[in-house]
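Right after this note come the structures.
In what follows, subunit A forms one complex with subunit B and a second complex with subunit C.
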Partner chain A sequence: MEKATRSERIILFLILAFIGVFMVFPMIWMFLSSLKTTEEVLGSTMTFLPSDPQWSNFSGALELAPFLRYIWNSFSTATVIVLAQLFLSSLLAYALTQMEFRGRNVLFMIILATYMLPAATTYVPSYIIISRMGLMDSLAGVVVSNIVDVFSLFLLRQGFLKVPGELIEAARADGASEWRILWRIVVPTSKNTLINAALISFIGHFNNYLWPSLITNSEENFLISVGLNRFFNSQGAFGQTFPLIMAATVISILPLIIVYFLLQKYFIGAISSSEGIKG
Partner chain B sequence: MAIIELKNIYKKYGDQSDVIEDFNLSIEQGEFVVFLGPSGCGKSTILRMIMGLESITSGELKIKGKLQNNIPAKHRNIAMVFQNYALYPHMSVFNNIAFGLKVRKTPRKEIKEKVTKVADLLNLTPYLKRKPKNLSGGQMQRVALGRAMVRDTDIFLMDEPLSNLDAKLRTTMREELVQLHRNLSATTIFVTHDQMEAMTMGDKIVILDAGKIQQVGSPDEIYHQPENLFVAEFIGAKKMNLLELTKDERGVTYSNQVIKLPVFEADKEADILGVRAEDCRLSLTEGYPFEITFIEKLGSDQYIHGISDGEKVIVREKPEKTFEVGQQIYFTINEEKIHWFNRETGEKVRPKNG
Partner chain C sequence: MDKQANFKQLFVFVLIPLIPLVIFWIIPLIISVWLSLTNWDYISPTYEYVGLDNYLNLINNDAFLDALNNTLLFTVATVIPTIVLGFVFAVMLNQLRKTKGFLQGLMFAPWITPMVGMSIVWSWMFNPSVGPINQVLGLFGLPEPNWLSDSSTAIWAVIIVTVWKGVGWAMLFFSDALTKIPKGLFEAADVEGAGLGQRIRMILIPLVSPMTLFLFIILTLDALQAYDQISILTQGGPSGSTRTLLYLYYEMTFQQFNIGAGTAVTVLILIISAFLAFLSMILSKKFVFY
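What follows is the complex of A and B.
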C-alpha cells in the first residue's frame, strides 16, 4: 500500500476523530447528565458541564433500587454461562475438527442451521422447558438456558482448525489421550480464540435483556438490564429522576468498561474475528 | 528377528488409486533404515502408518510380532520426530520433552532426571526454560529429538527431520544422529528425499517411487547395483548415463559402433546401456563422439557434460586436464562397469553368471 501523504493523514485523522466523538458522545452526555440536577437536564438552556457536580445522584440511585445486586446477578450469571459454554463448545469443536467419524460435516451443518433460527421463535418452547425444569424466576434458569451457544462453538471450531495437525499427531505419538490433547495442547494453543469467544459471549450475556426479563420476576433475580428497565418504568415522574436514571446507567456499564480496559488488546481480535459473521 | 514387519500393505484414499501398493518390508532390531524417494512417493505415508497416524487400507503391520493395524498411536509406544518439529508452542523446552513422560504418569523425580539427562546429551541444558519460539532452528530440532529420546521406546520414526535446517547444520546433525543411533541402538526409520542424507546415514535404504519399493539395499548396493532405471537415475550426485542401443544386421550398436553384449539370463534383452560418469573417460582419438556443452569444476574433480549421438552424457575427469566447451572429441567406457537395462520393463538385465 502506498504511504499516505501528510495531508491525507490529517484528513483521515479528522474524519476518524469526528466519527469517534460522534460515537462516544452519548456516553459522555450520559455521564455528564448523571452529575447534573433535574433542572439543568430539562431546563430551557442547555448546558454542557454540570455547574455543580451532583455526586449524590449515584448514592441516590443505589438507594432507589438494588443496582449492585443486579450487577452481581449479571456478572455472576454471565461468568458461569461463559465458562460452561467454553467447556461444552471446546468438547464439541474438538470432535468436529480432530476426530473422524461418519456424518461429521452433516452434524456441523445441522448445528449451524439452528443458528439461523430467530431467537424469538425459541422463546416459547424454551419457556416451557425452563418452567418444567422448575427453573422459572431463578438465575439457574438464566444460566441453564444459555450454556449451549452455536456462535461460540463456531468460533472455537474455526480456531481449532488452525492448530497445526502435526502438534496433535505429535501428542498422539507421545501417548496422550484425546481428552489430554484437547486441554493440554489444543485449548492452550487456541487461547486467543477462547478469550475472543469469552468476551463476545460475556458482553452479550451481561447486556442480555429480553429473555431474562421473560423468565425472571422477582427483584432479587433481576439482571442489570432488566432491573434498569424496571427502574425506568417504576419512576413514574420520569423527568424528576432523569439524573438518577443516568447515574444508574453509568453504574450498570461500569463493569464492562473495566473489562474493556483490562482486556483491550483482545477486543480488537474479538471484533475482527466475528465481523462478517454476526452481521 | 524382525522388529517391524510390513506385509502386503496397501493405502488408498477414497476412490483414488493406491497411494501405497503391495508394500513388503521387514526391519531388524537396531537397524537404521532410510526411506528415500521423490516427494509424493508415499514414504511419509508408510511412516505414518507405522506410527498409527494413518489407517492401513489392507495388509498387515506387525511390531515385535504383534499385529498393530487397529492399535491407536498412543498405545504403540513408538517415538516420532516430525518435519516441522511440532513443538508445543505454549510449553517450555523442559515441558516439551517431559510431555510424553507426564502422559505416562511417570513420577516427577524420574521425569526430572530423564529430561536433564537428555537435555545434557543434546546440549539443551541452558534452554530448558525457553519457549520454542525463542529457539533457533537447530535447537528446535534438538528439542524434537529429545522429546523422542526421553521416551522409553526402542523404535524411532523420523519424517524428514533435517529438511528445515541450513546446509551446514544439516551435516552436523546428520553425524550427531548417526552417533546417537550408535549409542542408543534403537531401531530407526528415517524418511528423506535427500540422497546424501540417505547414503551417509542408512544401514539399509529403501527406495520408493509412486508407492512402490524400487530397491532395498545398503548404500553401496543401490549405488553400484541399481535394480532398475529409476534407481540408476535417482541415486548418485550425477545420474547414470543411459545410452539407447539400436539393433541392425551387425548386432546391437550405439552411435554406429557395434557393442559387445554379454550373454544374458534366458529370455532377457537389454536395450539400454548404463554407465556412471566416473566409469567413462574422454579421449581425443577413439570412442564414441562427444561434444562438450558444459564444464562443471568441483576442485577435486570436474564433470564434463556433453552430447553424444543425441544423448546427454556426463564424464568425470581429473581436474588437471583442460577441455573447452564446443570441443568435438570422444569418450570411452570401462566395460566392466556397464549396467544393462530393458527399456520396456525398466528392469536391470543380468548377464549370466554375472
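What follows is the complex of A and C.
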C-alpha cells in the first residue's frame, strides 16, 4: 500500500499508541499496586499512583515464600531443557535435511503429526513413567519429561534447509565426518535460528505451569508459576495481602521483562523465521 | 546430493534424538487410548476393560456437553478476534516508520509474560468493587458486570485475557507477512485506480492467507488446550460456565481420579485436533493463494 501522509501517520500513531498502552496496562497497574498499602487498594476512591510507595512490600513477599528459589528453579530447568532440546533437535534436523535414509519422509510426517496433538493426552502415562523412573517431585523429572520439543525441531529443520549445499559437499569432499559438518558448519551458519528457537522454548518452559504442578509437591521444587499460584491461593484470593501478591507477581515477571527488552530483536526475528513452517 | 546414512550415523542422528519423543509422547499417547477403554481409578491395582463405555457415558453427560459447548464458544471467540485484530494492527503499523518497532514491542509484551502471574493480576482488574475495569466503565455510566462471579460473563472475562495475551503474537506474524508483499503489486493497483477497500480485498487478504491459515490452526490448538487462565480466574466456574473440555479432563483425572473417563475426554480433544490438522492440509492445497 502506498505510504500514508504525515498527518495520517500521526493519527495512526496516536491510535496505536493508545492500544499499546492498553496492552501493557495490566503490567503497569500490577507494578503500581505492588507499591500501595492495603487500605489504598481496597479504598472506594480510585487512586492510580501510590501515595506513599511501599517498597517494603517486596521484601515482605520474599519473606512469605521463597520466590527467588522458584525463579532459580524455573531458570535452571528451562536452561537445561533448552540446551538438551537444541542438541537433540540439531542432530535430528541434520538427519532430516542432509542425510538419506529409508522412511525419512514418513518419520517427518509422524513428528509433524505429534506436534498437532494435545500434550494433556500424555499426562497420565507420563506421570506413571516419571514415578517409575523415581523422578517424581524432582527438578530432574521436570527436565527429563520436557525434553521433547517438536517446535524447535521444525525451526531448526527450516533453518538447516537454508544452509548452502555446496558448503556441505565441500566439507564431505575434504573427508569431514557428518558429526563435524553438523557442529562446525551447519550449526554456526544457522546461529540465528538456534537463538530464536532457544528463546521461544525458554519462555515456554520458564512460564510452564500445568505439567510441573502435577509432578512436583514440595516447595523446594516449585517452578515460579506453580509457587506463585500456591502463594496466591494460600493468601486468600481476595484477601488483605493483595499488595504483597502483586509484589510477588512483579518479582516473578521481572526476569522475563528484562530478558525481553534486552533481546527484543531476537523475539521479533523468532516469529519471522518460524513463519513458513506450514508452508 | 544427500548422503546415504550408515547404521552408526542413523543411531546417533535419528535414534538417540527420538528416545524422549517415544518415551514421553508416542508411548503415552498409545497408553492413553488404552486407558480410555478401562475403568481404572489410579488407586486400585486392577482395572477392567470396559470398551466404549466411557465415551458413551460422556455423550449422555450434561457436564461433558456443557464443556463441549464452552470449548466451542471459547475457541471461536478467542481465535477470530485474535486473527482479525492482529491483522488490523499489523496493517496500521505497516504505515508507520520510526515508531513501528516500539509499538510492536508494547503489543507483543503480553505474550512473553506468564499466564499464571498475569491471570492473578487480571482477576483483580475484574474485581467488581475495586478493580479498574468497572471503575472506568462506571465513569462512562456503562453497565458494571460482576465478571468472574457471574456465569454469563465469566467466560468473556477469560476470553478477554486470552485475546489480550495472543493478539500481539498474531500481529507480529502478519507484520512479517506484509513486509514480504512485493511492492509492484500496489503500484499496479495505483495504475488501475483501485480504492483502499479493493486493495485490502484483492491484494492484502489473499497474500496473507497462508499466514492466516497457519495462525488459525495454531491458535485453535492453543485454545483447545487452554488451562492456566481458567485455573486461576474461575476454576471452571461459576456453575461450570467456564469449564472447557481440557478443564473437565483435569477435574476428572486429577481431582476425581476417574482415569478412564478423563483420558476419554483427552482422546476426544486429540481427535478434534487431528481432524483440524487434516482439514488444514486440505485447505492449504485448495483455498490458500500463494
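The rule is simple: the second predicted complex is superposed on the first by the 269 of 279 C-alpha atoms of A that agree within 3 Å, B and C clash if a C-alpha of one lies under 4 Å from a C-alpha of the other, contacts with A are read in each partner's own complex, and residues count from 1 in each chain.
Going forward, contacts are C-beta pairs under 8 Å (C-beta built on N, C-alpha and C of every residue); 3 or more make two chains touch, one makes a residue touch a chain.
From a predicted model like this one, the values you see are computed outputs, not experimental measurements.
*Asks:* Is this a clash or a fit when subunit B and subunit C both end up on subunit A?
*Replies:* Pair status: fit.
*Asks:* Thinking of the overlay built on chain A, is A:Thr122 touched by subunit B (first), by subunit C (second), by both, or by neither?
*Replies:* Once the two structures are laid over each other on A, A:Thr122 reaches subunit C alone.
*Asks:* For the combined three-chain view, what is the angle at the C-alpha centre of subunit A formed with the C-alpha centres of subunit B and subunit C, to the nearest 10°?
*Replies:* If I round to tens, I get 90 degrees.
*Asks:* Mind working out whether A:Pro164 is in touch with subunit B, subunit C, both or neither, as first, second, both or neither?
*Replies:* first
*Asks:* Scan A:Tyr94 for contacts with subunit B and subunit C and give back first, second, both or neither.
*Replies:* After superposing on A, A:Tyr94 lies in contact with subunit C but is clear of subunit B.
*Asks:* Quick one: is A:Arg172 in contact with subunit B, with subunit C, with both, or with neither? Answer first, second, both or neither.
*Replies:* It touches subunit B and subunit C both.
*Asks:* Check the contacts made with subunit A and report whether subunit B or subunit C touches more of its residues.
*Replies:* Looking at subunit B versus subunit C, the one contacting more residues of subunit A is C.
*Asks:* Considering only touches as defined above, state whether A:Leu254 meets subunit B (first), subunit C (second), both or neither.
*Replies:* The answer is neither, since A:Leu254 touches no partner chain.
*Asks:* Figure out whether A:Leu228 sits in contact with subunit B (first) or subunit C (second), or with both, or with neither.
*Replies:* second
*Asks:* Going by the contact rule set out at the top, does A:Thr114 touch subunit B (first), subunit C (second), both, or neither?
*Replies:* second
*Asks:* Applying the touch criterion given at the start, work out whether A:Ile28 contacts subunit B, subunit C, both or neither, answering first, second, both or neither.
*Replies:* The answer is neither, since A:Ile28 touches no partner chain.
*Asks:* Tell me, in angstrom, the smallest C-alpha to C-alpha distance between subunit B and subunit C in the overlaid model?
*Replies:* 5
*Asks:* Subunit A residues touched by both subunit B and subunit C?
*Replies:* In the superposed arrangement, which is not itself an observed complex, subunit A uses residues 169, 172 for both subunit B and subunit C.
*Asks:* How about subunit A: which of its residues touch subunit B in the complex?
*Replies:* 164, 166-167, 169-177, 180, 184-185, 188-189, 191
*Asks:* Can you list the subunit C residues touching subunit A in their complex?
*Replies:* On the subunit C side, the touching residues are 1-5, 9-10, 12-14, 16-18, 20-21, 23-29, 31-32, 35, 89, 91-97, 99, 101, 103-110, 112-118, 120-125, 127, 129-130, 132, 135, 164, 167-169, 172-173, 176-177, 186, 190, 196, 199, 204, 210-211, 213-214, 217, 221, 224-225, 227-228, 231-232, 246, 249-250, 253-254, 259, 262-263, 266-267, 269-270, 273-274, 276-277, 280, 284.
*Asks:* Hey, which residues of subunit A end up touching subunit C in the complex?
*Replies:* So the residues of subunit A in touch with subunit C come to 1-4, 8-9, 12-13, 15-17, 19-21, 23-24, 26-27, 29-30, 33, 41-44, 46, 88-89, 91-92, 94-95, 98-101, 107, 111, 113-114, 116-126, 129, 144-145, 147-148, 150, 169, 172, 178-179, 203, 206-207, 209-210, 214, 224-225, 228-229, 232, 237-238, 242, 245-246, 249, 252-253, 256-257, 259-261, 264, 267-268, 271-272, 275, 277-279.
*Asks:* Show me the residue ranges of subunit B that touch subunit A in the complex, using the header's touch definition.
*Replies:* That would be residues 48, 51-53, 72-75, 77-80, 82-84, 86-90, 99-100, 103-104, 147, 151 of subunit B.
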